[in-house]
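Contents: one structure, followed by commentary.
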Amino acid sequence: MTDHIYKHIEITGTSPDSIEAAVGAAVARAHRSVRHMRWFEVLDTRGHIQDGRVAQWQVTIKIGFTLEE
Amino acid sequence: MTDHIYKHIEITGTSPDSIEAAVGAAVARAHRSVRHMRWFEVLDTRGHIQDGRVAQWQVTIKIGFTLEE
Amino acid sequence: MTDHIYKHIEITGTSPDSIEAAVGAAVARAHRSVRHMRWFEVLDTRGHIQDGRVAQWQVTIKIGFTLEE
Amino acid sequence: MTDHIYKHIEITGTSPDSIEAAVGAAVARAHRSVRHMRWFEVLDTRGHIQDGRVAQWQVTIKIGFTLEE
Amino acid sequence: MTDHIYKHIEITGTSPDSIEAAVGAAVARAHRSVRHMRWFEVLDTRGHIQDGRVAQWQVTIKIGFTLEE
Amino acid sequence: MTDHIYKHIEITGTSPDSIEAAVGAAVARAHRSVRHMRWFEVLDTRGHIQDGRVAQWQVTIKIGFTLEE
Amino acid sequence: MTDHIYKHIEITGTSPDSIEAAVGAAVARAHRSVRHMRWFEVLDTRGHIQDGRVAQWQVTIKIGFTLEE
Amino acid sequence: MTDHIYKHIEITGTSPDSIEAAVGAAVARAHRSVRHMRWFEVLDTRGHIQDGRVAQWQVTIKIGFTLEE
Amino acid sequence: MTDHIYKHIEITGTSPDSIEAAVGAAVARAHRSVRHMRWFEVLDTRGHIQDGRVAQWQVTIKIGFTLEE
Amino acid sequence: MTDHIYKHIEITGTSPDSIEAAVGAAVARAHRSVRHMRWFEVLDTRGHIQDGRVAQWQVTIKIGFTLEE
Amino acid sequence: MTDHIYKHIEITGTSPDSIEAAVGAAVARAHRSVRHMRWFEVLDTRGHIQDGRVAQWQVTIKIGFTLEE
Amino acid sequence: MTDHIYKHIEITGTSPDSIEAAVGAAVARAHRSVRHMRWFEVLDTRGHIQDGRVAQWQVTIKIGFTLEE
């Protein structure tokens, strides 16, 4: 088993549609500047309300990625 | 930046379909008696099981709304 | 009100599609060996990332079931 | 399974005698203005001390009740 | 020792100046509709940032008040 | 000091009468299938409300027992 | 309102009978060396099991007392 | 780096004016009987309400001090 | 509502004067290298003690800022 | 990525020597009856004291293992 | 089963070598002034860094000891 | 006392041997790109199991370092 070192970052994704889409948006945005992402953990699920319905899902995740040797 | 005061209430919505639908049901019901709702936070996600499948999603949220001046 | 005794188990379901599907997979698998399951509670929502997108949802739940008299 | 919506309130009952009596006092008082109460959860157990003995039990509970359609 | 029953509400006060002023604003606003308030507990201290400085303090408190007999 | 290994299970006992009786019911039921139980810890105290009074106490405990060599 | 200073100690009382009796034993023992005790908070409720029944309740409390001027 | 041993005590200071003054009162009072105090951590911020305003701030801190060799 | 992505960083500011000044110092320092900061949350309030008084406030905050498209 | 289902158990290992040895003892004992163990997480580190030294390390871990198809 | 009363203290031990040695240092120091120590629980594991390596382990434990009759 | 500003990062080190070695690996790797590291705190201790023994320790730490003026 290779002894990697992992770093974590915390990021909030948003979506008008679903929790899964908000997480996906966070991961996709992080992918533009972070390499070797491996896993995430949901820390917090929130949202905005407008006119008696959920207008936006806001999901905060912690992402772990491998640091290169 | 206007210095509003916010009050919070805690409510559980239910749905046979999804977490998002259970949250939506809670927000829609609160909308009938609470004005100026701004945001929510998911506190707890539970459900009932029947015949080896999820029969009902039960999601507890905290809702924040602006108190009128 | 009948005074049942409940036991709890902790299980992680996985799915490439959604949080709801991961919970459903955990409940369906437990159903093969546990009888009288009543409720669940989501403890943890995690996942694997591949190529900048969520490849797998991993949701840990606690399941409560009635112990037979 | 009917898809009810539940609201929660937080209340502290007190009693010179026991934890159970303090919870009972909170539930009885809430019953005067809240209908359709279903369950409670103990959040906090405290008390006052006088002359080297417990003079009052103070138990904070969260009560859940069904919102009418 | 009188055996009162207490109810709790959760409220967020805001201020451009300090944590104490945000708590004071929350208490003053609640005072307009709630009687017999006794104590508070700070649950959360947040704020808004503008132009590299704190533009608004947002402090969430739980307030306990005596229910009348 | 003997170096035992302990396993933990989580179980909910119920009683119409008291917290102590609900814990006792959980321990007595577990005793029918688990040997060498040593200790418990209360994790959660809940209950059902009917007609403005506590109809059932529901106490969840973690039980530790020695695994045989 | 007098501006007292309070110190806290943490202590575990035990009893074969009930949670209330275990708390009472802790308070009575502390009373032999600590003056001006005002309040307590239950931190932890545990116990020993013997022969399939609860043999001892062990309740850990935090006690607050006024420091003399 | 010297290998000191530290002990911790928990204390609540009060002030009519501010959180900082309540912490300062707790530290000043502890200074009368504890030597070599090094740091503190705020555990809890509460207060009393009178006539719709904060009458007293009550801040609980943990203080660490070096034990003498 | 625009679907922004937010990143979070954790930073500790210090001040000899107050909690507010320590938070302000952290925000001002972060402003030199981070753009589009929106909000903060206080995670931890600590300090150093010298000669029986608070010599330094140390406040750890989480800062959220918008990631540019 | 294969969509496995995982079950978790909680177990306490003990050792007179070290935290690592206590975890190793728990894993080795579980290995006698549980197959396909994948990972563990340390939940709690405790111990017994005798004659002013640590006589036994007691480490509670959660173990995750794959359920067979 | 004898109904003892236990008191708890919180103490931080340090060591350049290991977590176990830091706990041992805390227990050994407490042994000089506290009798009848029974158990400990690790609350926090921290340390100092110098020149890119761990220069000191700092482990905070809670110690429980029997109060004499 | 100099009023520094500190930033925190979260990193997971791994080792086949011990918790201390896993922390040391995380600190050593961070040392290659972060200057002025001062302290760490252990957040999480996990590991992989293979063939009934611990194959890898995975320890997540938060590292604090001074930001340069």
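So that you can tell them apart, the chains are marked A, B, C, D, E, F, G, H, I, J, K and L in the order they are listed, and the count of residues begins at 1 in each.
The rule is simple: a residue touches a chain if its C-beta (ideal position, glycine included) is under 8 Å from a C-beta of that chain, and two chains touch if they have at least 3 such contacts.
Small disclaimer: the values here were computed from a predicted structure and weren't measured.
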Magnitude of the superposing rotation for subunit H and subunit J (Cα, nearest 5°): 120
Per Cα centroids, the chain farthest from subunit B: K
Mean-CA-position distance for subunit K and subunit H (Å): 22
Centre-of-Cα separation between subunit K and subunit D, whole angstrom: 38
Rounded Å distance between subunit A and subunit J, as computed from the means of their C-alpha atoms: 30
Set of subunit F residues in contact with two or more other chains: 19, 48
In contact (per the touch rule at the top): chain pairs: A-B, A-C, A-I, A-L, B-C, B-D, B-E, C-F, C-J, D-E, D-F, D-G, E-H, E-I, F-G, F-J, G-H, G-K, H-I, H-K, I-L, J-K, J-L, K-L
Subunit G partner contacts - residues on subunit H that touch it in the complex: 9-16, 25-26, 29, 48, 50, 55-56, 60
Subunit L residues within the subunit J interface of the complex: 18-19, 44-49, 52-54, 57
In the complex with subunit H, residue positions of subunit G that touch it: 1, 3-8, 62, 64, 67
In the complex, subunit G residues that touch subunit D: 19-20, 23-24, 27-28, 31, 37-42, 63
